[in-house]
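One chain, subunit A, appears in both complexes that follow, with subunit B as partner in the first and subunit C in the second.
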Partner chain A sequence: MSALTWTGVVLLVLFLLLAVFGPLLAGDPDAQTGQTLAAPGMEHLFGTDHLQRDLFARAAEGAQVSLLVAVAAVAFGLVVAVPAGLVAGYFGGRWPDDLIMRVLEALQALPLFVFALFVIGITGTGDSQLGPLPLTSTTKVVLLLGVGFIPYFARVTRSAALVEVQEDYVDALRVIGVPRWRVIAGEVLVNVLPPVLVQAFLWLGVAIFAESALSFLGLGIQPPRPSLGNILGDATGYMLLGAWWYSIIPGLVILVATVGFNLVGDGLGDALDAHGHR
Partner chain B sequence: MTDEHPIRALSRRRFLTAAGVLTAGALTLAACGGTDDAGAGKTATDGAGGAAKAAGTLTFGVGSISDYLNPLSTTSSRVHWITDPVVESLYTYDPSLASVPLLADGEPEISSDGLTWTIKLKQGVTFHNGDPFTAAHVVETLTFVTDPKSTSDWTAYFVGYVKKVTAPDEHTVKITLTTPFGVLRSHLTNLPIVHKDYVRKTDTTMGTGPFKMDKVTQGQQVTLTANDAYHGSKPELRGVVFQAVPDPATRLVNLREGKIQIMTGVSPESVGLLKQDDEIRVHQVAAPTDIVTYFNAAKAPFDNVKVRQALGHAMDRKGVRDVVYAGTATIAQGPIGPATEGHDPSLQIYAEAPDPAKAKALLAEAGVSSLDFTLMITSDPVMKNIGQVLVEGWKQAGITCTLEVLDIGPWVKKWASGEYQMAMTGFESGFGSGRTAFTLLGQMSSRNPLNFGYKNDEVDKLLGEAWAATDEAARVEACKKIDKLLADDAILLPPVYPQMIVAQRTDLSDIDEKLMSVSRVPLPPLSFA
Partner chain C sequence: MLRYVGRRVAGLALVLLIVLTLVFFMLRAAPGGPVDAYLGMNPTPEKRAEVEHRFGLDQPIWVQYAKFLGNLASGDLGNSLFSDRPVSAVIGERLPVTLELSLTAFLFWVALGLVAGAVAARRRDSFVDGCVRVISVVALSVPSFWLALVLVVVFGLYVKGVLPSSGWTPFSQDPWGNLRGVVLPAFALGLGSGAIIARTLRASMIETAQADYVSFARAMGMSERRVLRQITLRNAIIPTATVIGLMLGVFVSGTVLIENVFNIPGIGQTVVGAFTRHDYPLAIACTLITASVFLVANLVVDLLYFVLNPRIRAGFLNGTAR
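== the complex of A and B ==
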């Protein structure tokens, strides 16, 4: 593994420790400590915010919220994109491929962020209703990002599947009478999964970044629930009052998370390439 | 075999592209954000500041510049701060805030039944385009604001009370009322008289004031220039530039650097910092910058007065004052604050800090085992802060409150149709109501369409008396009683009364703080040292 990958691993472990164990160690992220904008110190490791809340507790809770949103969004994207990409790849060049890919291209033509802004602009930042399903602002962000990721995941799946169906074992399976759907859902899926999962891992970083950007603008996770983006958004008004830590801390956590996911994802990609099945 | 590996092709480059798109999206949105705190990094240009100052032009930094620049379409301070030097009213405020004639020639003549007001107009006054000021303009202005179809904020002040407005001669106006309406004097002190051709225009205005509208760059900048033909004492300033600086922090830096000389909407946290700066003076004045809370009393759980009272007793007023307003606000009891007629400083119903025991007892009396409700607030950062502090306070009494943050448009829509349990927003009433509680209390009348389920016969009776009274003392007395009744019924529950905070540079003469208590920032008397 390269030094860059190791750096990524360290950053990612730091972020995961904060997101997973931070909320257990820290107290209530909404509790008022009695100190407004206290600088980082022994009592408050990351200082306090403008509403006297402990920033370590909020950053930890925010990291957890952001991570969960990212994981859920990527998982949602995968659940839809992988089957679509597999089918498209298996029928490469024939009508099911065309149909799926044209739909996905239409979706991809809308930039992810513009798409999210558009939908939130219509439905509002509060809770809404999708048919019979109640949608909280958090699930809305998950779904929006997830839908935005579908074309990217589907394309990776498709191109990997295109390569895979050329392999002799696929013809062999068909010859001995294995149904088409079992070939796709069984052998092809298993062989396609590694590159797709690496791609998904990289996109976890993008998802954290996207969620933060939406929440920063007040369109994502709603207060009092913290997320890295809305903490940063609140902090912008206090930089000039000398509260540097208030902006720096959520900013650093976002940086650590996105760079961590990116470097580790790249490292995984390299590893797969070097020891790939080809 | 494909010639590129899917992972390599899509990894870092895709990530960076996506990151770039996201960042660009965020920046674009912030830069064109029309709201107060979109976080834009726009600053006033140097040209608007230093050089202009030498020529006697004042630069005024505001949060946003509305596309509407007709003071008859709204009572919002955002519009009126800009149009106030341009337009004048029949009456105005003297230094002690008493109403004195301005465009009217003397006191109105009121018939013995109180139903007819005859007002003589000052002669020899001209509009900025040279047209003489005559009764026709006053009639047109008043007719517009008394027409419900105008959809102006002002109609709420006149509709149902004013029957017709006529001009017996060129310099006399006769107002016929449906019922005695003493508070009309206050309304006529606040309502600007606009040139009859400009009454229905939305993006500009014309009046008789010491400054005239010059250049308007929509949403960004408005320039006023001195009116050399002004009928009163002429201003020393040659012009005023209103510059939109959406981000309060940027506005603050602009003020410290001298790019702007006055800023409104100073955040309470930055007052301490500004006070250390010798070149800045901060004005903190009790003004009608109210926080208004509404309950939908037509539906459970807030149809029960005990549930509302429980919420009132568990409200963290102290937290809001200390945490959100950095101690600059006053703890509230009734809806009427210290700058408004009818404020009662001796009223003491609710404690500063939450009283969970009392709240729980009241809820038990009401037969409510667990209270869980949604508070609908506007997306203003201050409202979000207040909301979060209140949620924490109520939690101590076992009350669960969820915040619903909406932009002002959707908020108003839901509020006007009663689609809320509890709603809260900020409300500045000085330009419309002056010192009276007309709009603040008006909504509590059981006949008001914006009142959902609250009916108190005593309040209805007192409201009628208050608005009919020509005698100010009688009106104040009635409002005081209404304030107590509403506080007892826990139907309007502001946590605190905030101050109006305006900062100015010291090379400019002092803003009149007395007039700030009716939301004004009077610019014509100002001059550079």
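== the complex of A and C ==
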């Protein structure tokens, strides 16, 4: 493993520790400390905000929310994209492939972030209904990001599957009478998964960024629930009053997460190449 | 070639129409129309009806849609529901600001990204290469809006008076002030894309340098300079061109964030307000502009392949490419 990958692992572990154990240690993110906009120190590691809340507790809670949203969005994207990509790759060049690819292209007609911005801007940030399902602003972000990821995941799955179906074992299985769907859902899926999961890992970083960007604009996770993005959004009003920590530190947490996911994802990709996949 | 371009332009127009139609109906299906946003809490029914009539919202939705399409075809985007000015005037005021910002960021970061990538690839595993790799991976992970916040804090609080950290000065008013004002937002807007360009060019140059035809050219006695210029760069630039095209898409979303942090009156700042206040005509116009920029950029990249890659060109001319 290279030094860069190790750095990534360290950063990622730091972020995960903050997201998983931080909220347990730091206590209530809404508790008032009695100090308005206090600078970071021994008492308040990350300082306090304009409502006298401890920013370490808020950043930890926000990191947890951001991580959960990212994981859920990527998982949703994978659940839809992997079957679609497998089918497209298995039937490479024939009509199911063409149909799936055209739909994916339509999804990519707008950049992911703009797409999410439009939908949330239109439907509003309040809770709404999708048929019988209640939709909170958080689930909305998860679904939108997940839908936005589908084309990318499906493409990776498809190109890996295209290579895989050329292998002799696929023909062999078909010849001995294994049904087509079992070949796709069994052997091909298992062999296609590694590169797809590496991509998914890289996109976790993208998801954390996209969520925080939406929340920053006030279109993502809604207060009082903290997210790294909406903390930064609140901070913009107090930047020039000298409260540098308010906007700098929660952003550093995002940076630690995105750099960590990128470096580890790169490392995983290199390891995969070295083993002759792809 | 011409037929291909024609087909792509027609496809582009179709996608635009679909996107606009979707936005048109979604805006109207969404809870809390412009009347609520315009009148505030609990308006009287009479007041409500009057405003709905003024905005043309009391007509059946199909009539509204037909009217919208007709006006669109004649280039009339309607009036903003809030400022009551023609949408085209609002856009005409704000689009140049966004374009200036994006173009500055684009030119600066494409140039820097290409140079950094090429230098790193030529001196693979050197100190310079190491720096480019580390800096670029951090740079591409930095959230642009946070970088913008950091710049505002640094230049607004600590290094005062060097560069303006908020607001916008029109070029016609004060050219020098305008140029100074664009520096920080353009820096924040393009950093991540510049890093991706550098990484892509580096990786594909290293890959091409290992190809047989490069060794062959060298064995034939071609100078190292010519190998680099005529063979390695030409082949390595193709994946990079794709990335540069995607960068425009990143900019479309990036300007929304950057303009909000730096308080710049461009399209990005307009679009958020237009959607949240349900200002239908303005929101539709912003969608039109945003989607067009993105789709046209993709088309230009695809056409660039013809220029950059003789194989694709040949494939199209003799009909082997799809």
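Assume the second predicted complex is superposed on the first by the 276 of 278 C-alpha atoms of A that agree within 3 Å, B and C clash if a C-alpha of one lies under 4 Å from a C-alpha of the other, contacts with A are read in each partner's own complex, and residues count from 1 in each chain.
Following the convention adopted for this analysis, contacts are C-beta pairs under 8 Å (C-beta built on N, C-alpha and C of every residue); 3 or more make two chains touch, one makes a residue touch a chain.
Just so you know, these numbers come straight off a predicted model, no measurement behind them.
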item: Touching partner for A:I122 - first (subunit B), second (subunit C), both, neither; value: second
item: Subunit B versus subunit C as contact partner of A:I176, first or second or both or neither; value: neither
item: Which of subunit B and subunit C A:L202 touches, first, second, both or neither; value: first
item: Which of subunit B and subunit C A:A160 touches, first, second, both or neither; value: first
item: More subunit A residues in contact - subunit B or subunit C; value: B
item: Which of subunit B and subunit C A:M42 touches, first, second, both or neither; value: neither
item: Partner chain(s) touched by A:S247 [first = subunit B, second = subunit C, both, neither]; value: second
item: Touching partner for A:P223 - first (subunit B), second (subunit C), both, neither; value: first
item: Partner chain in contact with A:L133 - subunit B first, subunit C second, else both or neither; value: neither
item: First (subunit B), second (subunit C), both or neither touched by A:A235; value: second
item: Common interface residues of subunit A - those touching subunit B in one complex and subunit C in the other; value: 111-114, 117, 124, 126, 205, 209, 213, 216-217, 236, 239-240, 242, 258, 262, 266
item: Subunit A-touching residues of subunit B, taken from the complex the two chains share; value: 1-2, 5-8, 10-12, 14-15, 18-19, 21-23, 25-26, 29-30, 37-39, 247-249, 252-253, 267, 269-270, 273, 319, 323-324, 326, 379, 381, 384-385, 387-389, 391-392, 395, 403-407, 410
item: Residues of subunit C touching subunit A in the complex; value: 15, 18-19, 23, 26-27, 30-32, 133-134, 137-138, 140-143, 145-146, 149-150, 152-153, 156-157, 249-250, 252-253, 256-257, 260-261, 271-272, 274-276, 283, 287, 290-291, 294-295
item: Of all residues in subunit A, those that touch subunit C in their complex; value: 4, 106, 109-114, 117-119, 121-124, 126, 128, 205, 209, 212-213, 216-217, 219, 232, 235-236, 239-240, 242, 244, 247-248, 251, 254-255, 258-259, 262-263, 266
item: Residues of subunit A that touch subunit B when the two form their complex; value: 30-32, 36-37, 50-52, 111-114, 117, 124-127, 152, 155-156, 159-160, 162-163, 166, 195, 198-199, 202-203, 205-206, 209-210, 213, 216-218, 222-224, 233-234, 236-242, 258, 262, 265-266, 269, 272-273, 276, 278
